[in-house]
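In what follows, chain A forms one complex with chain B and a second complex with chain C.
Moving on to the complex of A and B:
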């Protein structure tokens, strides 16, 4: 089977996915989210979540430290901008390589343990990276003030090719700086490629092997497979995805701060994956979009907007309703997020994708479903 | 010598907080088998019990005195806390000692919160995989944290310690070194003593009461205890409540050292998990020993002498130790063989 021969079904999914991603500026218009900065975030978080899902969804190893790779990717990309060129491609390549190396080292150590110990080990490593970036490594990371471009950066390749402009340059491709929606389309193409690669991994024998690790690692070992190299490969791949996402963040906004490495960021990607549907291809993307949407739209709500929304409620009750609801939007959107997260884990561990499947099976003729199939099972 | 002793002392109060939180965490894991990521939030709730208590007893009446006029012409406002107008001088003392007194509020509140949490959510997750337990309690932690944030605001609210306990204690004299060589803030010493007291109480409760005996039996073999006709689930629920109280009290007494903010639970949670893992999952003495050990090691790592050799070591020491322990001896310092060891 050649590398690019894909089954018909996958091809349709890929085509539909590409269409949805590229048409984002159109279908997000009525939802009030069609501005470039937000759409870029949608797309980049989706890359991050797809990568995380390759590890968590396929092998069942729950990593709580993926933000470290995101941060490493961002820093590498910004350094590439500062030292070499503002071109996006080298930044991405370097970010993927460096975060892959980080993932190789951290993964090699962490994968000696499984279950909750694995989670805590990854968390410990991520916290170490975060704390170091914040303190000792400030010459590299610029600590609290974030790493940013300056006018005195060498930018060796760029200054050899063309005279320097007056202001700070912005990232681009082959000498053409991104403006308007171009940055978004660039990220969108990267997302589609990332999705395609994930699709290949899911349907490959390697992907089957990872799924086997999730369902029963002991049995795999007894049949004579050494599972660790497979799990490590999955870990490195998902670390590279995270690094790529970090680089994309830096490309859209050439700034790398420590907060990207904090463990809440790791928690957020776990949330995205769970919310969408663990172990499915499209699920994490949906989860990422939902969460980014919540974050950006709901956090913009304020009391005036709420009063307008609830204008149909009688005068006396209106203030009461607005006071209650305002706790859940605006500043308090994370409360909604936490509640939503709990509800999903309690009632629908398979996430949105399981919900969709349930609805579909309501309309289809009743058929027996394997109840445990979508469960997240820790690798033990 | 003095420097080493001083660092040893410095680690004790933080170590005490780690030990108390880790004790509750491992108690919950040992009894219910649940990995509770919301335990840090309980520590935070405890701290806000102290804030609430202080708010309640410093509730003021404002009386305008028309006979006196301030510099810009408005009548002078005389503010008297209700506690003071009711109890006179005793009221002032009450306010002064608000932090230790809020323990009285924290115990019932935390017990209630703990039991409600266990019955409401955690009960349904006994049989589900650890990953889902982690996720649901993580969500719960976010919810609790956000509720506190929406009530008390995002800024830390500092809690003064009682006047009488503000000074420093001359440890040097006490152990026979020259005076003023080795002093230590009184409150931090008190925190250490307090945490030892709570830990002792929990161990005594488990060791010397019938209830504790049943709980220990249930930890060893839940099914058999259940078959003997004992309602072990209810006892475990109460143990969850007790773990919540322990975390809450740790939070209450920590308020003068760290002004309560809504995200302190998360900050301590990560460290406490590391403590539990280092001590050994499910081992109570391990959690306590590791708590103090890591607290002390952390304070040694922040000595300038150490930092000049290994820059940044103070930031990562705890995680570094956790990584080494997990890789070399996954059952932790005192964990039983075979418990969560894979």
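Moving on to the complex of A and C:
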């Protein structure tokens, strides 16, 4: 069936990607990041970044307001928990629909402009949403205190099916509440599906149209395409991805606060995408993981850990090295991230993925001269 | 009696275009017959590109109207005009530099097949065999099949033009507008392009061509309009225009210019 059929190369990438995601608890262990809560963050940010890249990477429209859709998704999911059921699926469906509607309205208005004006408009709308969540909309968002579950929530579907437990419930699937690594695996499966859908979009004629819009919008128009609905569709799809990510955040921790909608969160997904590689499928995922790693692990490094890391350095020099390095870890993690970002943008404008491509072509070049070598080295 | 069967497919009537104080086009009346090649010649700045811009909806005329096949084009958006069957090769190539040559030629075929907007996600691009095969055939016609997987942005200026022509041809437009299609091409490529354009003509495609190269004009045109200072100063069969003293004087600046090629 062509709905599920994808080119062979994409199938290999999908299989490898699934393997890497599902094996996170293993390969993140030596990196000190294999906690469920952190791995969930890795996975959810990846969903957010993949969706963002469908707009920015394919059409070239740079949105500075995508955190608004993330927030809308979280609020919707928590309301679904409060009113209906703790089941993750309806929460996700509602979150995707509502954030899609928001994206439709905001996208329709912002896409009347392009370039920097578009970016500023999205930023303005996102800040508006943020401020509304804080002020007028507090009955819905619970303002500063964040929207949370309470014992008095109706949860009509759950209550009808089973007697209420004593404490606050947690999210789950078909009456089974997530515990341990289950929440992570649930999010991981959602990420793999989200990645598959992105692959379909990238390899489809629709994806090519979006790339063509980025490449030359004038030519698109004189070729008979109405570019506005194409860009709007990409905007709505990426808004839905953001809403889905917001719902996943709520599923792993049933709480929705305004800070999720802040402009810094919008900026972060831009960084993730650029760092990993704009317009590539895997790049934004790598960017998301790098940034989450910096934010959560690097920022926790202190002098004791550094002394352990540099224990091989002779005593006197060790203090010196640790003093220097400590400026770049712990609270200085943003400094390191900033430097890394600058280096990447200056020397590898295509992000980490460009680095990967360069390395691969380095290995490929001698192969072309000597066909015999090709058989020795298996395709990666 | 032949008059009765003449089918005017493009009708430009009384078009004026002003840019501030500049009268870029004045009193333009143009009739293009179905299946014919109508050349527009004239010195730089005469208003030739402006006229094409008015036809395809890039510019709104200050007054006047353009009618194509019974439909008023004036006031329509560029993509709507294209969907009616009008395609254009630009003076400076308008292509998709970030896509491959093959993709550049496939994209317009989707506009023709699926209309101005369709979300087409289910089938992968490389399963669109029909469109791909047609794109490859047209690339073969224009002599770019060897470059099918190259980045279009990396092509030479002449190759970009030929690719842009292929992008128009795959749509089988009823009216093809060409703004200096051989500028920047070698003699050899120019001749290939002339042959190609003759071949399309045999298929009955109507063309309006702007061209400086008189060799190209006289080998293709059924009718020539001479534009100068935003006005049509002469119009007629190639031989009449060639021999018109008025044209010689106003534009061609003496017979030797005509014999130059």
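Keep in mind that, in the parts below, the second predicted complex is superposed on the first by the 354 of 380 C-alpha atoms of A that agree within 3 Å, B and C clash if a C-alpha of one lies under 4 Å from a C-alpha of the other, contacts with A are read in each partner's own complex, and residues count from 1 in each chain.
Here, a residue touches a chain if its C-beta (ideal position, glycine included) is under 8 Å from a C-beta of that chain, and two chains touch if they have at least 3 such contacts.
The shown structure was predicted, so the numbers you read here are calculated from the model rather than taken from an experiment.
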Return first, second, both or neither, reflecting whether A:200 touches chain B, chain C, both chains, or no partner chain.
second
Let me test your reading of the model: by the given contact rule, A:6 touches which partner, first (chain B), second (chain C), both or neither?
second
A:270 contacts which: chain B (first), chain C (second), both, neither?
first
By the touch definition at the top of the document, which applies to A:62: first (chain B), second (chain C), both, or neither?
first
Taking the superposition as given, does A:230 touch the first partner, chain B, the second, chain C, both, or neither?
second
Under the stated touch criterion, which partner chain does A:211 make contact with: chain B (first), chain C (second), both, or neither?
second
Residues of chain A that touch chain B when the two form their complex
60, 62, 109, 112-117, 119-121, 123-125, 127-128, 131-132, 134-137, 263-264, 267, 270, 274, 327, 331-332, 334-335, 337-339, 341-342, 345-346, 349, 375-378, 380
In the complex with chain A, residue positions of chain B that touch it:
35, 121, 124, 128-132, 134-136, 138-143, 145-147, 149-150, 266, 270, 273-274, 277, 281, 311-312, 315-316, 319-320, 322-323, 326-327, 330, 340, 342
Give the list of chain C residues in touch with chain A in this complex.
56, 58, 77-79, 82-83, 87-88, 90, 94-99, 103, 106-108, 110-112, 114-128, 167, 171
Sort out for me which residues of chain A touch chain C in the complex.
2-3, 5-7, 200-201, 203-209, 211-212, 214-216, 218-227, 229-230, 233
